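Each of the next two complexes has chain A plus one other chain: chain B in the first, chain C in the second.
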Partner chain A sequence: MILKRSGVTTVSAGVVSPWWIAFTGLFLVVFFVLPIVNNLLNTTELATLAKQRPISFYYHKLFTDPYYIRIVFDTVALSVGVTVICIIIGYPVAMFLVRHSGKWSGFIIFLLIAPLLTSIIMRTFGWRVLFARRGLVNDFLIWADILDKPFMFLNSASSAVVGLVHVLVPFMVLSIASVLRSIDLQLEESARILGASRVKTFLKVTFPLSLDGIGTGFIIVFLLANGSFVTLLLLGGGDLKTLPLLIYQQFTISRDFQFAAAMSNVLLAIAVGCLYLQLRLIRRRGVKGS
Partner chain B sequence: MNSRSWFRLKENAPKFSMLAYMVLFFIFLLGPILIVVAISFTETEYVAFPPKGFSLRWYERFFEYDAFVDSFIVSVELAIATAVLGVGLGVPAALAVTRGHVPYANTIMTFLLSPLSMPLIVMGFALLFYLSALGFGVSFLSLLIAHTVISLPYVVRTVAGVYRGISPDFEESAAVLGANRLQIFWNITLPMIKPGIFAGMLFAMLISIDNLPISFFFGSADTNTLPVVMLSYLEHQFDPSIAAASCIQLIVAVIGLFIVERIYGLDAMTPAS
Partner chain C sequence: MLRNKRWIQGSVIGSAMLFSGAAAVSAEEITVTSFGGIWETAITNCFAAEYEKRTGHKANVMIGSPAQWMSQIEANPDNPPIDVIVSTQSQTVAAGEGGLISRAGPNEIPNLADVDPLFIDAVDGWGGCFDFGSFVIAYNKDTVKNPPTSLKEFMDRTIAGDWVASFPSITYAIMPDIIWSFAELYGGSADNVDPAFDIFKKVKASGNAIAWASVTDFLNQMSTGDADIGMYWDGRAYSFIDKGNDWMGVITPTDKAYMSCVAMNKSKGAPDAAWEYLNIVFEAGPQSCFSDYLNYGVTNQKVQYSEKMKDRVTWPKDLRAPSTATSRKIAENAADWIERWNKEIGL
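After this line comes the complex of A and B, so read on.
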């Protein structure tokens, strides 16, 4: 190969071939895009066991029957609620991690990531023990005179929300922390020098600059909450019904696949809507890498 | 902090409250997990916390119960196969998108990462009927395909993250000196992106071994993974064997992490994501 001035770019273009993407792209088209399109268009014969009904019947049911409207609404409301709680709980943790943890920061990150190594069933199991009628949480609340008899946390929406927040809050902390870390401290110093109080500096400088991280965390947590059913199944006990839980039940108990397909498409639409928001958010802020 | 400053509580109040908050937060985060670890060693017939006595009977029970052991083997095999296939597909894609002058590289990257944003239960449902129509049915191969689709983004992201941080000069020098594409990849690129590959493999394994929303659609006597068996077990009974099973799964994950950490260090695993 002859070294030429203008040849440098050609050389670098030659190291990695653009064709290396081809097989992976094909794999994803065949096993990711097509299955979803297939489900959307409802081409596979699903109505095997259940009485034959067209999928439009189920869409109609989902959007007109108050019971199912309620479930679609609850699915979104639960995801938003869990995400907001994660922001409130996680923000101070991210702040501490970035600004005050010093040499402990590695250890704190380890503690945040460690739970991700455990299975969702393990964590749900732990909460079931804690929330049991004679479990630690009830014992404590009775000891502290907050309750006079055990409260049935299990099989209620409250324990499902706690379980979901527990699983998802590390994602929020890490998203917020990565943006907080990139904030130029001089901006805050300038605000302080110009006479802003600590609170005002936070509200007018730090917080607006960290919105990017909250946005990323919001999307991650929302999407994960939106699709989860194990926590709702094992902690919520069916008290709080959402689309994923209903899909699971339609599949395992009722075996009405057509209905499950319709619900999964609605769930997909919610996720794609959220993704669209994310893309717009990225576009607005310019390309910043991944 | 010296002992005198403890008296200056008023001044340090924000600091103390923040520390207290952190302690509470990590009790919340780690408490439920540590409780399960403790319960797995209980001597009692039922789930007891605090556990009474110390025994390994529930671990013995895990290894005596065929459904657990068989599904555990399936899970581990599946995790390894997913990691290998994920790397085979993910590494070339990550390299091409990062430095292959692919048109619309940003859009393609978004596409490669998009399985992350799909509700897993929808993917599982859609894939089950699609793969059945193709004739794959409920099989290990179907599980492998499904798990690879969802773990591919992790491999692509970690490998692309590491590769982006490596100067193109090394590869260009090799090209100038006459190395061909394969030689450059094998001798220059591959050794440098190894941390990313190992991290990606680890993520793929962790994603696979813990997956439930997809695996349960492909459940059969031969293809039940450990989480699927644990879920159906939990739906019917509540005893410490689930705690032991959870801990065994955790140990596998920790061993994986430890091996990667030993070889490449955790710092290399968290590239600027």
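After this line comes the complex of A and C, so read on.
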């Protein structure tokens, strides 16, 4: 922290007031910790005629019923799959944005961010129009004689994945681009001068240095995909069931809040587990400054 | 620094005052509920506007779903954020027995005296239903040249591949009731819904069925050609046709479509001003207005239907409606049926 007073500049280490720490801690306890604890122990009695069961019944069901084990697996698999696809698509875009776009970089960033200004529901509906039986994609494929009758692109896991990737890839691009921008180009030049090929330079120098960006992008995209249900509802057509969808059902139809609470906690545990893995596995391999 | 601190303090205090002022609602105002789309327009123009004209007080219309509203009332039952809640039969019975809504009769809502007793009994004395609709077959006249006349024919020809049919998704509020209605159609009951699951398994396995997640979703599917035919509300289908979409046709099946009636009730902790609103809802004039908007039947026996509506309303005697006991069984078993649907059908 730098203070300028009466023409005298003093530099002092940043010290946070204990009151701010106490306030922040209290805020987190009240609005984060306590709701999670309440969720873990949820024993709400509901205005419903359905059978009321203890929350332990639902945890037992989630971890022993093959159907729900499959749901948990599908939830993680979908999130990981979407994230990996976003990395595969996002990395080259980020690389182009940082290294080759030149004066067009601002425009490309605008193209990346502009869709985020539109509601996710509208963007998902856009895919419904494109993938419809009489939509643009089917019309083109029939015109090109690739298909002889419309294909049911919608109401499948693949259309849901396309919708999710479309929504989430900008987050991956921006995360990777911000780290790529900070990589010292002289390191790559040095590698080339010392005889490394472009591919080897990328694999040995650029890619390891960009792992932090991939890690950050992984976490953002994974967590967003993990909690997504609107895209699955509109594009998945019931073909792919995940925990967020089932939680949504409990709130809109069944009103079985204990079951919703149990599933929410499992979802939270998945998210925390992945955060932990990311912190442990992806470490920054920086080069000490000269 | 001191000036900054005072500025920050002033901003915080000012913001708190601003937000507290914005959040404060006049004691005469009430918050009423509505489903989305054309429903909201009808509720606003026929009931809320009438309430405001007669009382000078505002009726704020909130859209959403009954399960959501019940949760909101449950979170703060002594001072509920919602004063009048719209709900289906089974949800009304559940809300009543759960202590969320007030019992109502002609003492509280005088216009209930003119309502067909069928629609009072339907919700077991928890007020009454104010409108009713049937779950009919809506189809695209251009792609379905020979439409079905009954539900069983509709299901059989969907399995055979005559068209792509759209059904409500299990996330749609009324699906447990639909499961019951199909169970009864195929020889079962609320105690035995296996016949419903059996027929829907065949439909799903045929590959000719898709699901709609919301009432507007079905219209989008029909417009884009994803579906040729489907199960849908008669009133909403007619409203869609009236907007110039005369390529859509409506069939009331001969083997009794499912009838749903929608109730409106006062939240238990809501002010007495809500009774005034409910009395308007059950009055013939506003109900006639609502019927013209939604193309649904209404429950006040003194309502004079327009010429357009006389041909469109299907009367309860020709429909499959759950009794109170059945509604209670549906509410008791809904969660289990939904789980079974997720596991066996998946639509």
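Criterion: the second predicted complex is superposed on the first by the 240 of 290 C-alpha atoms of A that agree within 3 Å, B and C clash if a C-alpha of one lies under 4 Å from a C-alpha of the other, contacts with A are read in each partner's own complex, and residues count from 1 in each chain.
Simple rule for what comes next: contacts are C-beta pairs under 8 Å (C-beta built on N, C-alpha and C of every residue); 3 or more make two chains touch, one makes a residue touch a chain.
In this text the structure is predicted, and so the values were computed from the model without any measurement.
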item	value
Touched partner set for A:Asn155, first chain B, second chain C, both or neither	second
Touching partner for A:Gln249 - first (chain B), second (chain C), both, neither	second
Which superposed partner A:Leu234 touches (first chain B, second chain C, both, neither)	both
Touching partner for A:Val129 - first (chain B), second (chain C), both, neither	both
Contacts of A:Ala260 with chain B and chain C, given as first, second, both or neither	first
Chain B versus chain C as contact partner of A:Ser105, first or second or both or neither	neither
Chain A: partner with more touched residues, chain B or chain C	B
Set of chain A residues, in rising order, touched by both chain B and chain C	46, 125, 128-129, 135, 233-234, 248, 251
Touch list for chain B against partner chain A, complex	15, 18, 21-22, 25-26, 28-33, 35-36, 39, 47, 49, 89-90, 92-93, 95-103, 106, 108-123, 125-127, 129-133, 145-146, 148-149, 152, 157, 160-161, 164, 168, 171-172, 174-176, 178, 181, 184-185, 189, 206, 209-210, 212-213, 216-217, 227, 230-231, 234-235, 238, 242-243, 246-247, 249-250, 253-254, 257, 266, 270, 272-273
Sites on chain A touched by chain B in the complex	1, 3, 8, 11-21, 23-25, 27-28, 31-32, 34-36, 38-39, 44, 46, 89, 92-93, 96, 100, 108-112, 114-130, 135-136, 166, 169-170, 178, 219, 223, 226-230, 233-234, 244, 247-248, 251, 257, 260-261, 264-265, 267-268, 271, 274-275, 278-279, 287, 289-290
Touch list for chain C against partner chain A, complex	65, 67-68, 70-71, 74, 93-95, 97-100, 164, 169-173, 175-176, 210-211, 213, 217, 220, 224-226, 328, 331-336, 338, 342-343, 346-347
Parts of chain A lying in touch with chain C, wherever the complex brings them together	46-51, 67, 125, 128-129, 132-135, 150, 152, 154-155, 233-234, 237-239, 241, 245-246, 248-249, 251-256, 259
